[in-house]
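Structures for review follow.
Across the two complexes that follow, subunit A remains constant while its partner is subunit B and subsequently subunit C.
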Partner chain A sequence: MPDRVFTELQRDALQEIANLGMGQAATRLSGLLNAFIELSVPRVRVVAVSEAAEALREMTGIDGPVAAVRQGFRSEIKGEALVICRSGEIAELGSLVGGRAGDHDEDPYEDHDALTEEELLFDVANALTGACVSSMLDQLGRMPVFSQPGLLGEAIMLDEVFQPGLLAWDVALLVEVNFALEDQRFRAHLVMLMAEESIHVVSRAIDALLHSL
Partner chain B sequence: MNAPAGLPSLSDLVVERVGFGIFVVDRDMNVLMWNRFMQDHSGVPADDVIGRPIFERFPDLPRAWLTRKVESVFQLGSFAFSSWEQRPYLFQFDHDRPITGGVDYMQQDCTFMPLMRGRDVIAVCVTLSDVTHVSVMQREREEAVARLREYADRDGLTGIANRRYFEARLADEFSRWQRYGGELSMLLFDLDHFKRINDEFGHMAGDTVLRSMAQRVSGVVRKQDLFGRFGGEEFALLLPCTPLDDALYVAEKIRRTIGDEPIEVQGVIVPVTASVGAASARTGAPDYEGMINEADAALYTAKRQGRNRSVALA
Partner chain C sequence: MSLPIVIADDSLLARKVLTKALPEDWDVAISYASNGLEALAHYRAGRAAVMFLDLTMPDMTGFQVLEALQHEDLNTFVIVVSADIQPLARERVQALGAAAFVAKPVTQEALLPILKEYGLYA
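Our next item is the complex of A and B:
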């Protein structure tokens, strides 16, 4: 049912927009991290929020506990981006994204330049969200403003990430892309969630884009 | 909105007076803008810092971290953030709760915003909000939760462990004993003829006796032991790593602590004695409840033998 939100033509266009956006994002992230970045071909799906956890389990292949960070973005198109990775894997990124992850027991004041593991998680999530969401919305002619990232949990199940009762919308546009670094086991998954209202704006923006071609 | 020539624009006025810090840096970390909030809190006026690298006037800033943050905004063209929960502050600013705050410096949330001209990031604007009150509230909430948790384990009248907490700890110690062996004992004791004290002197006096006795006994138990109120005038003492012989020795010490000196309640001298039952974990015992039952049986025997004595079956 929800997939009827877009026509086939719109779906193809959206896929293309996502591809272009992620291409740009990968270039920018590679520049920042000084490493080769692989961003998967994004998978775009419209799902009911009640099915989101299941859809995501299927898309990511993750069944166990995850660390999840959420971040809001707003423009005429607004929504939330989630960055999800397997619990505990973030520490493996220590040497990238600037500096090592500080030991938890260390006094954070002692070494101002070291990152705590949580800070590292936020930085990775923020960079990924910023690059991907901005790039994709840029294709649609929108420039989003982001809110501060917030931790949903360090070890929670996907079902806990999407609690239908707590979310303000019924339908979600899932744009799943996974992010991998050269020679690293670490994988992060980015999911963009948009409310129905914003999905309609996206749909109109796609039409405008198609018209202008 | 355009202002008449020579006068600041409305946005200039807002930036000047707004209640959070706003400053702008270029890619080399030179300061391009510095609002009044930054000036007031740092003591460094705009003229002193604009056009210079920010680290020149603020050598305490986390240099590598801040440079990386700003660089990421230039490279990605998107926002970056810093939260007080991970990094309590960027600048060492005073806050307006020097007495009640309990934090050293103003707690800060920072947002790093790309300033775009077309698709190019020309500078990064940093906004800094004072979230000291949020951090203070959060700490107070954490303290309140810790207190509640503490209360949940305590007996309201005497302040010692309650039965629920005592049994939980006993269950832990019992599992440890089952796995690693060693010795584990417990005492159950009861104030003799307590009903008589209540009837004769009233319930308030009875409560005072319970409180005083709990306090006296607390003063003689070892640090690793757990003393709890089991209900009514019945108390329990958990003795990890203690064989039954030693438990009986402790039982006698407690009995004397209670009985050797009468207690004065509202000017009346009230003699109080206690009967004590001891038990220890024994091979083949299925659970900790068996230990409680055995201590209870020993206590019953002590009562039947005339009270004011310590008994261990076994």
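Our next item is the complex of A and C:
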């Protein structure tokens, strides 16, 4: 079924809607990390869940283990947002957010630091998901309610992110936006997954938006 | 004679939104570009007294277009229209010679003062 779901016009619109959401999210992340975020063109694809991991590998270029946080959103359009980055890269952000300047005599493996990394991952995920998803749904005339974010894992493979049992649907709309920190290796990827029912609502909302122009 | 302007954005939706935000009675001849290379080509062909420029585009980004224009005579008013609203993005495009910066989604209310300031629309 995949890419027959949207017309070229609808895909274009959805990509631009994601672009605006990405801009909002980048501003939040930029403030959080005191760094300039380089943006690229968002990508939109409809895939079978069995193909989602492969599609995401292709879109992100990630083959190794990742850290991932998921957060559900509900409205007439519902789905899940995943924030994914390469395992270990989040640690590199520690020095940017401050508060760790006097830390270097401490053992980097002690619990305190592990906790800080997890918190940092949640902060990044929260900034990206909140800003991007809210902005996109707002443009589609909906207001999302978010569930508590949850850690999927700190070192899991992309296939594990998309375990079929975890996602109660067969077809998913993948919206991938990526945030690169200037002069740093760090990249965060935000992926939105929506089930078929919500995809149809998105499709109608886009038509309404296009019709209003 | 109509004022030649270019609207450069990879998204058709964004080009439509921008076109709709222009003053209805502004006498312009619009050329559209869906990437930076096309925008530059229009500029070189004399079709860009004003250029509305998106930043995140494939092939050639808006930043790269601004850099390229600096090596030419920069005989155009570039108005950057972007979703990238980081303060540093705004500073950078202005350092690269952009006349103004407008955040997406663009509205006529946001464009009017800029067009008037530069005497492009009375």
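Quick note on the criterion: the second predicted complex is superposed on the first by the 183 of 213 C-alpha atoms of A that agree within 3 Å, B and C clash if a C-alpha of one lies under 4 Å from a C-alpha of the other, contacts with A are read in each partner's own complex, and residues count from 1 in each chain.
The rule is short, and it goes like this: a residue touches a chain if its C-beta (ideal position, glycine included) is under 8 Å from a C-beta of that chain, and two chains touch if they have at least 3 such contacts.
Worth saying up front: this structure is predicted, and the values here are computed from it rather than measured.
**Q** Tell me the contact category for A:146 with respect to subunit B and subunit C: first, second, both or neither.
**A** The answer is first: A:146 touches subunit B but not subunit C.
**Q** Figure out whether A:131 sits in contact with subunit B (first) or subunit C (second), or with both, or with neither.
**A** first
**Q** With both complexes superposed on chain A, which partner does A:22 reach: first (subunit B), second (subunit C), both or neither?
**A** In the superposed model, A:22 contacts subunit C only, not subunit B.
**Q** Could you look at A:116 and tell me whether it touches subunit B, subunit C, both or neither (first, second, both, neither)?
**A** In the superposition, A:116 contacts subunit B only.
**Q** Using the superposition on A, tell me which residues of subunit A are in contact with subunit B and, in the other complex, with subunit C.
**A** In the superposed arrangement, which is not itself an observed complex, subunit A uses no residue for both subunit B and subunit C.
**Q** What residues of subunit A sit close enough to touch subunit B in their complex?
**A** For subunit A paired with subunit B, touching residues are 28-29, 31-32, 98-99, 108, 112-113, 115-116, 118-119, 122-123, 126-127, 129-131, 133-134, 143, 145-146, 148-149.
**Q** Quick one: which bits of subunit C touch subunit A in the complex? Just the residue numbers, please.
**A** 10-14, 16-17, 20, 55-58, 82-86, 88-89, 103-105
**Q** Can you tell me which positions in subunit A touch subunit C when the two form their complex?
**A** Residues 9, 12-13, 15-17, 19-20, 22-24, 26-27, 30, 36-37, 39-41, 139, 209-210, 213 of subunit A touch subunit C in their complex.
**Q** Can you tell me which positions in subunit B touch subunit A when the two form their complex?
**A** Checking each residue of subunit B against subunit A gives 61-65, 68, 71-72, 75-81, 83, 85-88, 109, 111, 116.
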